[in-house]
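Shared between the two complexes below is subunit A, which has subunit B as its partner in the first and subunit C in the second.
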Partner chain A sequence: MKPLMLHGHERAITQIKYNREGDLLFSSSKDNKPNVWYSLNGERLGTFNGHQGAVWCIDVDWTTTRFMSGAGDNTFRIWDCETGTEIDKAMGHNCEIFIMDVRNVDESLSQADPILKIPIIGSRVSSMLWGALDETLLTGHENGEIIQWDIKTGKKLQTAKEHENLINDMQMSKDSSMFITASKDHTAKLFDSDNLMLLKTYKTERPVNSAAVSPILEHVVLGGGQDAMDVTTTSARVGKFDSRFFHLVFEEEFGRVKGHFGPINSVAFHPDGKSYSSGGEDGYVRVHNFDPSYFEYGFDY
Partner chain B sequence: MAKKKIEDKNSHNGEYIKNDGESSSNEEEPNFSDPEGYVDDISNEDLLGDLLRDKPKETDGVESVIVVDGVPQVVNLFTDFSKYEKIPEKWEPPQPQPYKGQTDLHYYLLEPDAYDQFCVVKAPGQGQSVQIWQNTQPDPTLLEDRQTWTHTYVKWSPLGTYLSTFHKQGIALWGGPNFTQYKKFSHSSVQLIDFSPCEKYLVTYAPLIEINNPDQMRIIIWDIRTGQEKRSFNPDAPSAWPIFRWSHDDKFFARMGTDILSIYETPSFGLLDKKSLKISGIRDFSWSPTDNVIAYWVAEDKDVPAKVTLLDIPNKAETRNKNLFNVADCKIHWQKSGDYLCVKVDRYSKVRKEKNETKYSGMYFNFEIFHMRERQIPVDSVECKEPIQAFAWEPVGTKFAFIHGESPNISVSFYSVKIGQAPTLLKKFEKRACNHLFWSPNGQYIVLAGLGANGGGSLEFVDSNEFLVMNTTDHFMMSDVEWDPTGRYIVTGVSVWKTQVDTGYWIWSFQGKILKRINLDRFAQFLWRPRPPTLLSEEQQKEIKIKLKKYYPQFESKDRMRQSKASKELIEKRAALMDKFNAYRQKKIAEYNKNKPRRLELRNNIDTDELDADKENVEEEVVEFFVKEEITQID
Partner chain C sequence: MPVADDIKSSWADEVELEGGALPPSTEVRENGFKIVTDYKYNEDEKKLKIVRTYKIEKRTVSKSIALRKTWKKFGESATDKPGPNPATTIASEDVYMQYVTSKEEDNKPEDESSIDKLKSLGDKSVVRCRTCGQEHWTTKCPWKDTVLIGGKLPDDKKGPAVTTGFTNAETGKPGGSKYVPPNMRDGAAKRTDSTNMARRDDTTAIRVSNLSESTTENDLEDLVKPFGPIQKLYLAKDKTTGACKGFAYIHFKFRNDAAKAIQALNGHGYDHLILNVDWSKPPTHSNQ
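Showing the complex of A and B:
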């Protein structure tokens, strides 16, 4: 499995995301310019230029016509995917959730009022997901809490406190009935997205920055590693900057992929499940196509 | 009366009140008296129970009465009179106490598969605990897990009979099938202990003077079986632990002072021949592990050379003397079987004095090998120009190994000793990353280890018969290496006492195959339970070695059964997990399918459930990628 090394960023990768079909891979970095790549060969399609701060989170809509990014310059911006031009931006505020109507987004966005504002009192939001059928919103918090919100009323529906530390990333399973969390408490956990029931726990010895569920197999992948600021040794080996594969049901680790020489900040499965990518503090995005042996391997039970 | 007192106080503090302002002086004193007819609903016991406890009792008075009767001095307590008056006329023989059997302290040695035990200490933090495990195959079994069992660390007795735990009040010994308390030895703030080799005596040391108990002696020697204090000492100067060193048979123990060696006898605990030995310039001493022989060395003094001496005990006869020149330091290493003694000598070419400090330069090193079992104890010398990092005798066998050189040119050399022959170099491994040597307790196998941050946690498993490196690996930041007493397993540990990250212990086979990695938060200490020496004679051991082939099939089938049982259990566990998960998923999938119309509604009736679910709306886009460029020159 020789990975494609995507080197278009000058600083640490913060998040990577495939579009729905998986032909494109979006990446954001602390260098202010999100990138988009062909996932097949790693050719860069273009960049989204305009932010004046590290870009922390990105997303693409299901039709791959609009791309969105949130950054340290206190703005979120919506871009036209095809041309890479900014449609409009809006200023953010201290931890508040805005729900905006962007079905027909245009340059009036910055003047438009949010449909709903949810002020966050207490621990700040560190990750966020739409629930299935767009009825709920799931937020992961700095104190390890997960909250499910009703987006009609903006009320808390449920909370779950299963993590002991910041939740850096949350990703849905293919059918959105489950989601996986990645936490600084060295674990990733699988939850039911309706009732927030804890289903599974995947344990490691290092902070987990990102986790994803395979769309085709009962596998999850975890990325993380010792925090860059806590790395006291130069040895990449002990920093444990490997992608780690666990069985979804048995919670047993069965494989690791080496390569990054810093912590992994984001992992994502290709929607067809035949490849996955990881983005690291080292500034590289690595696209890995699975070998046939990966699909042949099975657990006895 | 009370009123008057208050008035007195006021007048006394008059000035203060004035300064404080008028408010306090003008205020009327509140009335604390109970209204008439008030009944107190609190009993005196509730209100001032603690005071009532000190209320004088009638018996106090009686007990203080003494009766002086007769000459010269017979003093009786008055209460004794009433006691003796009440003695019954008829004597009843006391009931025999039911016999309480001692717990079987050696039960663990009867384990049919000879599984060893080990103990794991978790440092205080989120819950101090001590765990006892049995190293069963394929997975160890937890026998005991007790919270706050010890205050600091634990120690096994040398034959493995007792586990000692440290407490503010003293030492507790535990043993038997359930680790019940065997004895307690009260010694406040005890920090160090040492067992005598046969486990008869225990030495406890509390180096700091207790504020609450300044008369407490700092060193106490106890009889383990009776729990009695045998003798106590206050050492005058701090010195290397153990301060008291025991002969192999518990018959003698000795300590060193300035120009003096004191040898004590047991069970009298008096000085041998009632006096200490005067040895001017004595620097260190060590007992032979098998005989009552002491080896000591004295430093050089002007023109008198340094000297290593062997002393027979109890007759104090010097059986061998060896003069050594230009000596900076010596280290005494006995071979475990007592056949050989090695004295590592640090020698110098030049010496100069600088402000009371002696500085040596041009260092070189010698190993003086004493052939203890030969007539007149011949001595051979092995020289090494490079600094020595570590030295170790093969516990069973005739080899010794040492690490020499300076980083990055570290080498490990192996020598063999034979009766009537000078030591011969067997093998030299060059460019190694190690700083410690760990021989298997049965010899032959040795682990070269790099402990701590400098060593990088490197591990090399060597078979010293053919000097075959069986495995080279590492355990990063490793702080401890522990062979099990049978030489079958070896454990490497990263202790929280040394480093904070990735603490835990790993179990390896003697060949260097990793068996278990146990990452344990706040892991501090790992100790195998020692075993007493084998009861089989040498012939019996040889016979077993010859017949080993006969036992193989038996062991192998046992191993296979264990393995298949374990894998069966794992597969059953997985199958159960899978069944449970599938049942959960069935419900979720049904729900998902039911919601399909709503998903379509949200996405303009386009089915996005699968990548190719909506074949009609697929637009094929042809993208050409630049793959390769080839330039061919045509002439």
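Showing the complex of A and C:
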């Protein structure tokens, strides 16, 4: 496969995300400007300029009309996808979950009150997901805990403590019945999103920064590498900066793809499952279209 | 000089002036390809012509995607032309997925069963450890990394350094012996022998230096052949250019011949240079 290298960022990529149809790919980095790209040809559609700090997480809505980004300048901002203009921003606080109604978002957002505030006591939240039917909220914590929250009441429903270290990333499977976590404790784990039951564990020998489940095959992809601060002391060959493909069920690694010069911070499957992207500490996003051999590859069992 | 005033510039300057204005970039679309030709200057003030060829593909997509395709670029891409901007989108080299198989693990039990099969044949001598003489592969010998047990090895093969090294060898217990460096172990005795052999070889070797760059192996052979039969001939050559690096090693069959060669060739004028010939010295990094 011939990957497209998207070089729109000056610093390490923090997160990449496809929209629902997969024609657009959003990327954020530690510089202040999230980018949006056409995933097919790698053409940059635009940049969202306005943040004053590293952008840590991004998301796009179901219809690809609104784009949201949360950054180190203590704000989250909502943008119009088509024009790249900022609709409004709101200030966050020290580790609290805000749930805000943005269905009819306009300039009054900064004055609006959140419909629910969940103060987090104890370990901080490092990743977050909507549960099935948007009735619950899943949070991954710095101590490896996963908590399921009830949106209506703001109460903890369930807690699972399967990871021993910070949870870097959580991603849903296509039907939202399972989610995969990527943790600093060198493993990625697959959970049932309803009862937080641990289903599978994918073991590696380095911190896992991101993990994604293929929408069409029983595959998961893990991206990782050692901590960014240790990168300069190791060569690319030793650092193992490749994306690693595991079988979903058998927990066994079956393939690797090289390319990045630093740890991979975020991986995402295209919603059609025929390509995947990875964003790394080296500031590049790489869009890979799978070769036919990937689809023909049969797992021996 | 009135004539000189009339000539405003020489023809050479005119060319320079012409080059000052860049031809406009052109875009040609023909049978499914878009060919864009750009002109620009590089750092050395040289004019560059850049031709980019794009394949135009038509895809049928849902309405919402088609609509999004018509969106205007914004932010830092606002000034980009339609199509990918080569500054931000780079097609990189081919990469391949490396498939990892667990075949090696699968082979292990098979290996065991093949031994069992051989054993069941009744021929006990099929599998025999070379180290301890028992019935298993040498690589699976429990004592392969430790001192060899009870005098199975002929005494003549033991090097002098080995027998002085430890007394535990006769007790027959693999454990309990202190650490023995690999080159002192029994199994290494043979290896040191072979290196000794290699060194003995070196005694018939001579080093020829100050050779000219154009020297080839054939030239060298012609040069040293008259002195006696040659075992090996090595001419140091540059990896990329293939030119001689100026020195060579020649291994003669007999030391006498080598001595003769040194005597005759040292100081001999060869291809405008004076040769420097001496015995080949053993590599300095060896510790013996």
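Observations
The rule is simple: the second predicted complex is superposed on the first by the 296 of 301 C-alpha atoms of A that agree within 3 Å, B and C clash if a C-alpha of one lies under 4 Å from a C-alpha of the other, contacts with A are read in each partner's own complex, and residues count from 1 in each chain.
We take it that a contact is a pair of C-beta atoms (placed from the backbone, for glycine too) under 8 Å apart; a residue touches a chain by one contact, two chains touch by 3 or more.
All figures in this text were calculated on a predicted structure; none of them were measured in a lab.
Following the overlay on subunit A, a clash is recorded for the pair subunit B and subunit C.
In the superposed pair of complexes, A:5 makes contact with subunit C only, with no contact to subunit B. In the superposed model, A:21 makes contact with both subunit B and subunit C. In the superposition on chain A, A:297 makes contact with subunit C only, not with subunit B. Using the contact criterion defined above for the overlaid structures, shared-chain residue A:104 touches neither subunit B nor subunit C, since it reaches no partner.
By the touch criterion stated above, A:94 is placed in contact with neither subunit B nor subunit C.
Touch criterion met: A:175 reaches subunit B, while subunit C stays clear of it. Once chain A of one complex is fitted onto chain A of the other, the partner contacts of A:249 are limited to subunit B, with no touch recorded for subunit C. Legend: residue contacts after superposition of the two complexes on their common chain; A:199 is shown touching subunit B, with no touch to subunit C. By the touch criterion stated above, A:46 is placed in contact with subunit C alone, subunit B being left untouched. Between subunit B and subunit C, the partner in contact with more residues of subunit A is C. Of 415-423, 451-459, 505-513 or 541-549, the subunit B stretch that intrudes into subunit C once chain A is superposed is 415-423 (criterion: clashing C-alpha atoms). Residues 21, 38, 40-41, 43, 300 of subunit A are contacted both by subunit B in one complex and by subunit C in the other.
Every residue of subunit B that touches subunit A in the complex is listed here, in rising order: 476-477, 501-502, 519, 567, 571, 574-575, 577-578, 581, 584, 588-589, 591-592, 595, 598-599, 602-603, 608-609, 611, 623, 625-626. The residues of subunit A lying in touch with subunit B in their complex are 20-22, 38, 40-41, 43, 62, 132-134, 175, 177-178, 192, 199, 205, 226, 232, 235, 237-238, 249-250, 271-272, 299-301. Put simply, subunit C touches subunit A in their complex at residues 59, 61-62, 64-65, 68-69, 71-78, 80, 83-85, 87-102. Residues of subunit A that touch subunit C in their complex: 1-8, 21, 23-24, 33, 35, 37-38, 40-49, 63-64, 82-85, 245, 252-259, 286, 288, 290-291, 293-294, 297, 300.
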